[in-house]
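Given below, in the form of structure tokens, are the structures.
Note that chain A is present in both complexes that follow, paired respectively with chain B and with chain C.
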Partner chain A sequence: MSAHRLSPLATVLLVLGAAVMLAPMAWTLLLSFKSNAALMADSGAAFAGPYTFENYAAILKGSLTLQWLANSLVVATGAAVGVLVLSSLAGYGFARLEFPFRRTLFVIVLLGLAVPEQAVILPRHQLFAWLGLHNTYPGLILPSLTGSFGVFFMTQYFRAIPRELDEAALLDGASRFTLFWKVLLPLTLPAQATLGVFTFLAAWNDYWWPLISATTSDYFTLTVGLASAQMNYAQTSGLGFLMAQAVFASIPILIVYIAFQKQIVRAMAGTAVR
Partner chain B sequence: MNAAARDRWAGYAFVGPFLLVYAAVLVVPLAMGLVISLHRADLFGRRAWIGLGNYTQALGDPVLHQALGNTILLALLIVPPLTVIALLLALALNRPGRFAAILRGVFFSSLVLSVTIVTLIWRFILTPDAGLIAEGLEAAGHAPIPFLSDPDLVIPAIAVTTLWWSLGFPVMLILAGLQQVPGDIYEAAALDGASRWTVLRRITLPAIRRTLLLVVMLQTAAQLQLFGQAQLLTGGGPGGASRTIVLYIFEVSFGRWELGYATAIAELLFGMIIALTLLQYWLVTRHEGQRT
Partner chain C sequence: MRVPLSGLALIDVSKSFGDVPVLERVSLRIAPREFIAFLGPSGSGKSTLLRIIAGLETADSGEVWLDGERIDTRPPGARGIAMVFQHYALYPHMTVRENMAFGLRNAGVAKDEIARRIAQAADILEIGAQLDKKPGQMSGGQRQRVAIGRAIVKQPRLFLLDEPLSNLDAALRGRTRVELAQLRTRVDAALIMVTHDQAEAMTLADRIVILDDCCIQQVGTPAEVYTRPANAFVARFVGSPPMAMLPGVVAGEEAGRVRVRLAGGAVLATDVPAGGLVAGTEVDVGLRPEHVRLAAPGEEGLAAEVELVERLGDRTFLYARLADGAEIVALEPGFGTLRPGEAAALVIDAAAAHIFTAGGAAHHPEPSA
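Showing the complex of A and B:
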């Protein structure tokens, strides 16, 4: 850790950089509190009052935004829970149990890390069409559950737990599942929090797959719904409303981010060195 | 049943559920993709075997060549600056204290936004029609610049948008890498009276080269698949000047319904990403055996 103080020049540059990061968000926030009519007349109007809640009121009554919000919550939560369950089970199996082809299967799972989404998304779209999975929640969630990273991450985590714990529990007559569920799983909670948050973020922000899988507006996630709203509005006629939608859609994810910031950053420390 | 045999079945019971989903939703589509790319196929299941026909079509497709050029240019405009800026930020923010903690939070914040929201915000920053930049230029007595409709400016504009959006994750990774460097190396260097520049060049950078490699590999793979920013900001325009490979895949499959051809392009992109990733890995690690 460098104990050097930041030079004045570096401090100024950092503050400028931070301003560049924040200015677009602050501007969006301001626009979201202006009436569409006022912005039509003069978009510079954002920097002065009067401000209004009418755009947020419009979202809350009538528009599909609430339905999209619910869809995003279901899909992102489903993805996070699914990944946690599957990765914890598989991670324990790969880390602790001996069975034929264990190493081969693990390598096959790791190879998945090298497969970009583009290599599977079109055939997957075809496959899901045959199975009637488009415009359903399982259809939106299932692709998130194939991530090799979660299995790799949980396997590493289980491997770091001392084996003496297993032996003691097994001597006490615990079954494999009791050992997993009662003894080891509680020790992995920090890893669960990290993996859960990252999966939630990724599923919440995913755009390409829901764009082609959810084609009826009832099943749009927020990303796809907001994109369709952008396309529908003329350049500036609904600017305030669009910006309010953007702010509204970002609130849940910002809450998750702020609540779990420590876990997110700590988890990065674990993955970067491998 | 003895313990070993019980473990065997227990093993499959634990890894089975994931492997089932992995096989059905990843491995099967991966194999299907190779087969579909050898067919003239549409979105509705009609198929005819044409061997490598789709691949030869790709070789002679000027639109694909333009998209490939655009994609490579974008990756070059994004990955090196992103890595350098992220490294400088991580070096500056890798210190205790409130000031650094708040700035870390600020620089991480944009990564939680979705591409839809990022492009929504940046469209209205870049638009010459009373956008944020246009307002600033106007105040300075300059005419607004049509970033998104000028074929020479559209790619840099998308690159800047992407830099703003993608900065947080590399900074996080590099900060994490810096935390792993043992502190006593720095103490020894300080005792030897090494300058800060020497410490950075001889100790810090070699210690985090793996992390930097990871950042470059992940970002290259991600930017070669750039899609949402181009689709939402410009739709690939003007005149295809910002069409990326994945946007073209989207147009060919869901606009022209030519699933076979789109899949062949996706397979070519897959091969390109794997080859580049392996090349980067080899370039960085080839000397490591001799050095240590």
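Showing the complex of A and C:
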């Protein structure tokens, strides 16, 4: 860690900033441990006991919550794995192989970065309806795999690996596949981690596409499911339950953030490559 | 051209990048176990030639043979060649041991044989303690040895080294140079080293291949390229400071040896046989610094003005300009006392002079018996 100390002013500002960020979360957490009845009378009751686990128990008893959690895990994991596989292969191809229209195709990939989801969501909806993909896992996962960013990101990363390594491996008798699998791919692990975490989180947090695609409640992801549950309660009557849901939905994300802190910070700092 | 049954043979190898020719009909033979240095200025195609031998670059035409087999049609891994890269190119995610084992595994060498070869190489290179480290945890010199080790374990028929010493600091370079010299005695293979450091080539190589202008300018032992350079380019490229070239005209002959009149009027009685050099031919007289000295007090010499003084402790080089404008370098033992701008009288050892004609052909002194 760097040795330089923050000035008192900066420290105060940082603490204030942190407090502003953390207060709603702490408030959510407190509310989630209060009985709905107590909160209905006065939400200020959350500052004092008695606290209870009844809201969390209600979530777990809720018929579909665990199913939604599982759906979210499948969709987010599927998206992350799919993006990693496709982006690694495509990135290697763009960075190292000679094939016709390589530059043109790469430009198309770059243009893909500029297309917002809103622009394609209607045709996609129709296409998926036609293919019968709505209310399926592939229907929820596939759109994540069409993103350009992973391909672009992995291409840049592969390009940064010195070609001397490829040449050394070729002289070591490595086949193209061995070269990719044993030499180059392991070197991209930091990039894989970054890209994987971000794809996972984006898919986990996605609300719009699952809202459109999953119309039967057993294919809801957690985001859509919890939102649908919200409408079943008047906000005043189920405040504690609502907050418990929010906390519950954040736990997997929290785990991912903590497990991959290093990669996330690095990616945020823009130093993911190298 | 007949292909030898052992050693390396390059036959009419040509290569251009786009419209730019880099190598034109290069032919070369290397004996088994020979230590060869490719020497030439930057951009002369040394690395390209090496990479064509390795299979990392494809020649436009020509053939490469190793021990009686044509190898330019084979993939790099199937040529019996190992290469040490300039930046080592160690696999960063593998330990030293895995780095050395990688090529052997790909070749299907048995596990215990791999272990045996790694142990042996580690022993030779004294990297036994580092086998489980990753390259990132090692110094440049250690990485260099691992790169050499990775080549040794493959037991190749030919080692290729592209500027193996250029990334090392001066002290380490000296030591590694010694190690390379030892290496060649330990391995049963020929060795080609690319360098643009002539001292490296001179000390290590059995023969030096001098490349320039898309072609091999000369192949010869260090002594040959130094004492009998094939042309003016080699003469000036090999030797430091480079040979001085004094313009002159053939004035005639005496006892079968050429006499040359320098631009300033002085006549040199050289030891170069007269054959082919007729009076009136414009030539350059090549003189190495060790054949030009300061005149002793009272001795007659050519008038010159000192322009630069290079003191090396045991000897001093005086870069001077003759009255006729020609540049010349003189060697003076010990610390000289002359300073830039001062006048000097120089004595030329005419018997050691080389003569180069306008076409670049070289004529060397041949002391009469």
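Just so we're on the same page, the second predicted complex is superposed on the first by the 255 of 274 C-alpha atoms of A that agree within 3 Å, B and C clash if a C-alpha of one lies under 4 Å from a C-alpha of the other, contacts with A are read in each partner's own complex, and residues count from 1 in each chain.
By definition in this document, a residue touches a chain if its C-beta (ideal position, glycine included) is under 8 Å from a C-beta of that chain, and two chains touch if they have at least 3 such contacts.
Please read all numbers here as calculations on a predicted model, not as lab measurements.
Colleague: Figure out whether A:L14 sits in contact with chain B (first) or chain C (second), or with both, or with neither.
Modeller: first
Colleague: One more residue to check, A:G49. First (chain B), second (chain C), both or neither?
Modeller: After superposing on A, A:G49 lies clear of both chain B and chain C.
Colleague: Does the superposition put A:L239 against chain B (first), chain C (second), both, or neither?
Modeller: Once the two structures are laid over each other on A, A:L239 reaches chain B alone.
Colleague: So, A:V183: does it touch chain B (first), chain C (second), both, or neither?
Modeller: In the superposition, A:V183 touches chain C alone.
Colleague: Touching A:S87, do we find chain B (first), chain C (second), both, or neither?
Modeller: Once the two structures are laid over each other on A, A:S87 reaches chain B alone.
Colleague: Of chain B and chain C, which one touches more residues of chain A?
Modeller: B
Colleague: Under the stated touch criterion, which partner chain does A:N205 make contact with: chain B (first), chain C (second), both, or neither?
Modeller: A:N205 sits against chain B, while chain C stays out of touch.
Colleague: Going by the contact rule set out at the top, does A:G132 touch chain B (first), chain C (second), both, or neither?
Modeller: neither
Colleague: For A:A169, decide between first (touching chain B), second (touching chain C), both and neither.
Modeller: A:A169: touches chain C, not chain B.
Colleague: Give me the intersection of chain A's contacts with chain B and its contacts with chain C, in residue numbers.
Modeller: none
Colleague: Which chain A residues qualify as touching chain B in the complex?
Modeller: So the residues of chain A in touch with chain B come to 1-4, 6, 10, 14, 17-18, 20-25, 27-28, 31, 42-44, 85-87, 89-90, 92-94, 97-100, 102, 105, 109, 112, 114-127, 129, 142-143, 145-146, 148, 151, 176-177, 180, 201, 204-205, 207-208, 212, 222-224, 226-227, 230, 235-236, 239, 242-243, 246, 249-250, 253-254, 256-257, 261, 264-265, 268-273.
Colleague: Could you please specify the touching residues of chain B with respect to chain A in the complex?
Modeller: Counting only chain B, the residues touching chain A are 4, 6-15, 17-19, 21-22, 25-26, 28-30, 32-33, 36, 43, 45, 89, 91-96, 103-110, 112-117, 119-125, 127, 129-132, 135, 164, 167, 172-177, 179-180, 183, 186, 196, 210-211, 214, 221, 225, 227-228, 232, 246, 249-250, 253-254, 259, 262-263, 266-267, 269-270, 273-274, 277.
Colleague: Residues of chain A touching chain C in their complex?
Modeller: Residue list for chain A touching chain C: 162, 164-165, 167-175, 178, 182-183, 186-187, 189.
Colleague: For chain C, which residues are in contact with chain A within the complex?
Modeller: So the residues of chain C in touch with chain A come to 54-56, 75-78, 81-83, 85-87, 89-93, 102-103, 106-107, 150, 154.
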